[in-house]
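A, B, C and D label the chains in the order they appear, each numbered from 1.
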Amino acid sequence: MTTYTRDFPIRIHDVDAAGIVFFAKYFTLAHNVYEQFLADIGHSIPAAIEQGDYIIPIAHSECHYRAPMRHGDEITGELRLKEIRGTSFVVETTLVGKDGVHRATVTTRHVCVGTKTMKPIPMPDSLRDALTKYLIES
Amino acid sequence: MTTYTRDFPIRIHDVDAAGIVFFAKYFTLAHNVYEQFLADIGHSIPAAIEQGDYIIPIAHSECHYRAPMRHGDEITGELRLKEIRGTSFVVETTLVGKDGVHRATVTTRHVCVGTKTMKPIPMPDSLRDALTKYLIES
Amino acid sequence: MTTYTRDFPIRIHDVDAAGIVFFAKYFTLAHNVYEQFLADIGHSIPAAIEQGDYIIPIAHSECHYRAPMRHGDEITGELRLKEIRGTSFVVETTLVGKDGVHRATVTTRHVCVGTKTMKPIPMPDSLRDALTKYLIES
Amino acid sequence: MTTYTRDFPIRIHDVDAAGIVFFAKYFTLAHNVYEQFLADIGHSIPAAIEQGDYIIPIAHSECHYRAPMRHGDEITGELRLKEIRGTSFVVETTLVGKDGVHRATVTTRHVCVGTKTMKPIPMPDSLRDALTKYLIES
């Protein structure tokens, strides 16, 4: 299994009035890693939206918060596939500081949906193959 | 049991390049309802942050997406307490359209933490009493 | 002249790591007032986008910051039209606290553009008439 | 004169219901470039906030929009100093696409303010020297 990683800093506007990253921002930060991941494996979201055959909306998302992130923290997003099924897959993104402290784990379930029918459809083989390299071995 | 409700519109910037509300925004929209709820029951977050005895960070959050929200949709946030324990509580916010369509359910676990020790502490009685009115009867 | 006003609170996520509202958020908060204004005068943005004859993108925006806004502040957005021309108009939104302190003035120039040609077109008479009531008398 | 440049992609959540980057986001994207610039010249914002002698709030901001940015666009932020005075400086950030199209120019005036007095103070020599290398020659 390969882990896809991506580094990013915590910006001034990621932090809220409590002095830590706002809980909803964890999902945005993890999604930035996911967007770059899809582009890097040849399945960029803008191209998919433009091509128009299918979209991959998120059906469920969750985040387990372990330690706060603060302004200026350097974070590594570690993305792995937790599950790959016929029409859906689950992405797990762990956010870890440069200091080695595990900050949070964001999990999102994505479902392939035909643009015309808006019903689940089998994901394209090329996408499945690309994702499988990042699947956590069970 | 009482349900706390709050209406709000979907703004142009809530929607992303796919034409629907970005999945992370559901958490922000639900948190807006929660912030107003706390202010309305006499436990506003700014006052708590300023007073400085305790904070109530979110330890876990999740969202189940059922139907997309679009620009101009009028949404009602229905907030209820799903669980109240000694040092933590769980808030469930259902997002329902004016059209009656259930869009999503956002669930967040909040833990009372002493500002000095950063360890869980029993929540103040006045907060517990105020929350209990909104507890889903089991 | 009539002034369009709209009250809103500063939320925890409007504030950044410096403990004050992030400078870019002033534009978002002012635009929320503008969106509601357009809806209330019968020219809602979602309807205009869907109808598809013209859009009204922003060609220039600026903000003059006078005093910071903090978490929990209650703000009134006061919207007026500063200028109405053949194909464009200028909106001025003043953000004032419940304490009477003038926080900032946001100014945005909007240009009517035909959706097909993407060139400036005269704004519809009904929109011009509706806007004119809010024009600052010179 | 040196120009500080930084590349970044337009993410799905940068775009709004009109299919283009929301006008307020231009300021956030330009500020990301500015934050990285300050860190790279040895004057990071988190360090300044923590050290606590002075802060550099924005007194005025404006953006001139020339062409829309869309999801997936690769943008280069080109940052230059437009003016350096005793207690303030003006940053100009030009956003240019990989396609060479000039999308927008964001201009922000920053004022050094003493944390205790909250009044303008002369900026530290080390900051002035670092900024001067990026000053547009007149």
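The definition used in the following text is that a residue touches a chain if its C-beta (ideal position, glycine included) is under 8 Å from a C-beta of that chain, and two chains touch if they have at least 3 such contacts.
Note that this is a predicted model, so its numbers are computed, not measured.
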{"item": "Result of counting contacting C-beta pairs for A-C and B-C, higher pair", "value": "B-C"}
{"item": "Listed pair (A-B, A-D or B-D) duplicating the C-D contact set, over half by residue number", "value": "A-B"}
{"item": "Whole-Å gap between the CA centroids of chain B and chain C", "value": "28"}
{"item": "Centroid spacing, where centroids are CA-atom means, of chain A and chain B in whole angstrom", "value": "23"}
{"item": "Chain centre separation in whole Å, for chain C relative to chain A (CA means)", "value": "34"}
{"item": "Per-residue multi-chain contacts in chain C, two or more chains", "value": "12-13, 17-18, 22, 24-25, 28, 31, 45-46, 49, 70-71"}
{"item": "Contact footprint of chain B on chain A as seen in their complex", "value": "17-18, 20, 22-25, 27-28, 31, 45-46, 49, 55, 57-65, 68, 108"}
{"item": "Interfacial residue positions of chain B with respect to chain D in the complex", "value": "12-19, 22, 24-25, 70-71"}
{"item": "Chain A residues within the chain D interface of the complex", "value": "9, 11-13, 28, 31-32, 35-36, 39, 44-47, 49, 70-72"}
